[in-house]
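Pasting in a structure now, in structure tokens, and then I'll have a few things to ask.
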Amino acid sequence: MTRENFQKLSAALLLIVSFGLPLVLRSPTYLHILILLYLYAYLTTSWNLVGGFAGVLPLGHAAFFGIGAYTSTVLFLQYGISPWIGMVLGGIMASIVGVIIGLPTFKMRGAYFALATIAFGEGMRVMVENIDYLGPFNLNGPRGLQIPPLNVGLANLMFVNKEPYYYIILIMLIAVLMLTYTISCSKLGYYLNAGGEEPEAAKALGVNVARCKLIAMAMSSFLTALAGVFYAQLTLFIHPKSVISLDLSFEIAFIALIGGRGSIAGPVLGALLLRPVSDFSRIYFGHILPGLHLIIFGTVLILVMIFQPRGLQEPLTKAYHRLLDRLTEKPTEKE
Amino acid sequence: MKILEVKNLVKNFGGLRAVDDLSLTIEEGQILGLIGPNGAGKSTAFNCIAGVYPPSDGEVYFFGEKINNHNPWDLCKKGLARTFQIVKPFASKTVLYNVTVGGYVHTEKRAKAEEKALEVLKYIDLYDKKDMKAGKLTIADRKRLEIARALATGPKLLLLDEVMAGLRPTEVDKMVEIIKDLRDNGITFFVIEHIMRAIMALSDRIVVIHYGQKISEGRPEEIASDERVIKAYLGEEYGVS
Amino acid sequence: MWFIAEDLINGILMGAIYGLTALGLTVIFGVLKVINFAHGSLLMVGMFVAYWAVTLSGLHPYLALILVIPIMFFFGYYLQDIVIKPIFKAEKDVREPITVIIVTTGLWYILDNLTLLIFGPQYRNIQDNPLRGKMLEIGGMFISVPKLWGFSAAILTALAIYWFLQRTRMGRAIRATSLDRDAASLMGIKQYKVYNIAFGIGTAAAGIAGVTLVPFYNVFPSVGVLFDIKGFIIVVLGGLGSISGAILGGMIIGVIESVGPQFMTATWTEGIVYALFLLVLFVKPSGLFGVRYDW
């Protein structure tokens, strides 16, 4: 069969498998692991809009995750507003904050930008840890907020079983991948890539580099906040160290970098490869060798940066194309 | 009609006056050459005109509109494009991708931008290499890519900053042909060049600057026989090909 | 009012120690143009080395410097040579290699967790500590003796590094490379050797900082994290690449930290430090004493 058809078939199969998995895999533990896997794939793909396409190194994205989580949780607990609406509002908040952060920082050079994002992330965590009330909203400081599991159902994004969560995050992941693909083929995508690679040349070609980066940041922070809401509804408990943590920011960046930032498949591949490592080493080696997965992360990161700076997606995509060539016939040249 | 008017342009960098009271005009359809030794202030003048930084004093008019504090991207949309002395291709992307970026200036649709890009690539004879990664091109091809990208933006005035540097004589001749042909198709040129063979063949008029000041202006033959110019530069500084 | 004076002085002393911890970071940045995210981990390693040197040899902590300095120097030298140099070579044309930053972050994770694995998470401090809790009383104020020692060590180290950079041949080579690495290498200066040595010096400085901290600070695998970010803040505040800037920047932070709690909670003080950091980044990124680098 032709290459195109083969790819369409594989995509269809992948979709069927991923949607069908919960019917086969009944264990909530495994479902939870998959949910987190998709969540990280979603987070890294959203991060990629800024960290990959725009070419900078943001290391404070957990702040947007936290904004989403806190916005929807506070609104839900205090005013009974549905987390779905919380998603929209949290996303908008995160976008605004993202643009405010982006305005001064995008002018900075790489390392300074990275430091500034760290400072923003940590600064936000410190702020949330210290204040109990932000105006009329109760943030409860370091003690965090707990969501009592009453009124379960789709309207409140709360479920007893894992299956509904699985499908929601899967749909979110597919949506964000499609969005990334659309952007990469669009004017914004071209402009972002150009501005990230050679800003002076891009400007001379009509690209308002700063504005494009801000647009990317607004989108990326919006999407990340949505994930924060999802997470809050999944675990029903949030506190600053869990949702606005430096570790989360770094992990997202690491995974995207190892997988290959700037590409569409890279972040997802990174998550697919690294999250199981993380889970595996934590479950089986957690007590004898604590922190093993982080050592592995760090080592893989260094090795990838030395040998495959574009990420593991590069050799994997090449291998995939070679496989395709072997299995399918080439389409006839239309030129 | 005057496409570009530069009046008493001054650019200071701290205590250094890089451009000192420079004035010139370019008529539509002309090719104006700018020559002078290294450090004379040529690229600085270009950068002031192209919006990289604002002039310290003086005015720049494009189609009669004052453009002193405009951004490079706004100028590009208005029809003023430029190339860089040290080429800046988007190395990890294909040639087609590179030129498509330029093609997006007047459209939102990828199809249209690519169409324009392919048109330019065919014209400038880079079509066969459209799927090559820009980072793998030879220097001559990179220079052509630089021009191709700028062309895709549909410019009325094109500022070329030493496009001939590093090219072999046959390549230089080819480039001169291309530029002349583009001029016949309606693009006005402002060219900085060191390679005498090219600048003499191309330019309708030449402006000579030294230490940021204009010391001579005129037709190529006039410049070539101008005592001041000969005394200061020709035969010493340039590689006459 | 007396309390403020006491806090002020202790803040200055502690601040100098902070400056010492950031000294290595600023040297590494000034020369390699890289922000070493693993700096906190190097500090932690320095503390562990100091701890074990003292515990195993029974020496006075500051005498352990004899062991700590060479160990840390060579550790840093070879770390740069083996792990970081390959990236530099791959990114030769890039003025400011971001990939190196990423690699140092990986190093941070590896060092911290490897230490956790090997030594466990428990807090350690040296037994029979001759400096523990000693206070000097001057005019009604209590000044911490170990911090006084630390202050002196910080000033001496800063002066020593300054002298080295100004007066020795290698020092000049380092300064040349930091100003323009291409020009320097064209003059015959071996760029990567300079990098290795600069990294070694930076790491040795972290080792000295470790020695000063061990008498009054607990030693545990993630202790570096606390100093890591603070180190960046100090270095940006004082100016990346400036030695005096690091010490002075450290003192500013030290004073804010010790005087601040008189007026607000400790974590708000932390918030102020971050706010100050961001202010400097936006308003004067070259810091108080930094040189405007030709990025």
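Labels for the chains are A, B and C, by order of writing; each one numbers its residues from 1.
Quick note on the criterion: contacts are C-beta pairs under 8 Å (C-beta built on N, C-alpha and C of every residue); 3 or more make two chains touch, one makes a residue touch a chain.
Owing to the predicted nature of the structure, the values given are computational and were not obtained by experimental measurement.
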Shortest contact path, chain B to chain C, counted in steps: 2
Central subunit by CA centre of mass proxy: A
Maximum inter-chain contact count - chain pair: A-C
Farthest chain (mean CA position) relative to chain B: C
Mean-CA-position distance for chain C and chain B (Å): 49
Chain centre separation (chain A, chain B; CA means) in Å: 43
Between chain C and chain A, distance of the C-alpha-averaged centres to the nearest whole Å: 33
Overlap residues in chain C, where contacts from two or more other chains coincide: none
Contact footprint of chain B on chain A as seen in their complex: 185-187, 190-191, 193-194, 197-198, 200-209, 310
Touching residues on chain C, where the partner in the complex is chain A: 34-35, 83, 86-87, 90-91, 96, 98-99, 101-103, 105-110, 112-114, 116-117, 121, 229, 232-233, 236, 265, 267-268, 270-271, 274-275, 277-278, 281-282, 285, 295
Residues of chain B that touch chain A when the two form their complex: 50, 52, 71-73, 76-77, 81-84, 88-93, 97, 100-102, 104-105, 108, 110, 113, 149-150, 152-153
Parts of chain A lying in touch with chain C, wherever the complex brings them together: 57, 104-105, 108-112, 114-116, 118-120, 122-123, 126-127, 129-130, 250, 254, 257, 289-292, 294-295, 297-299, 301-302, 305-306, 309
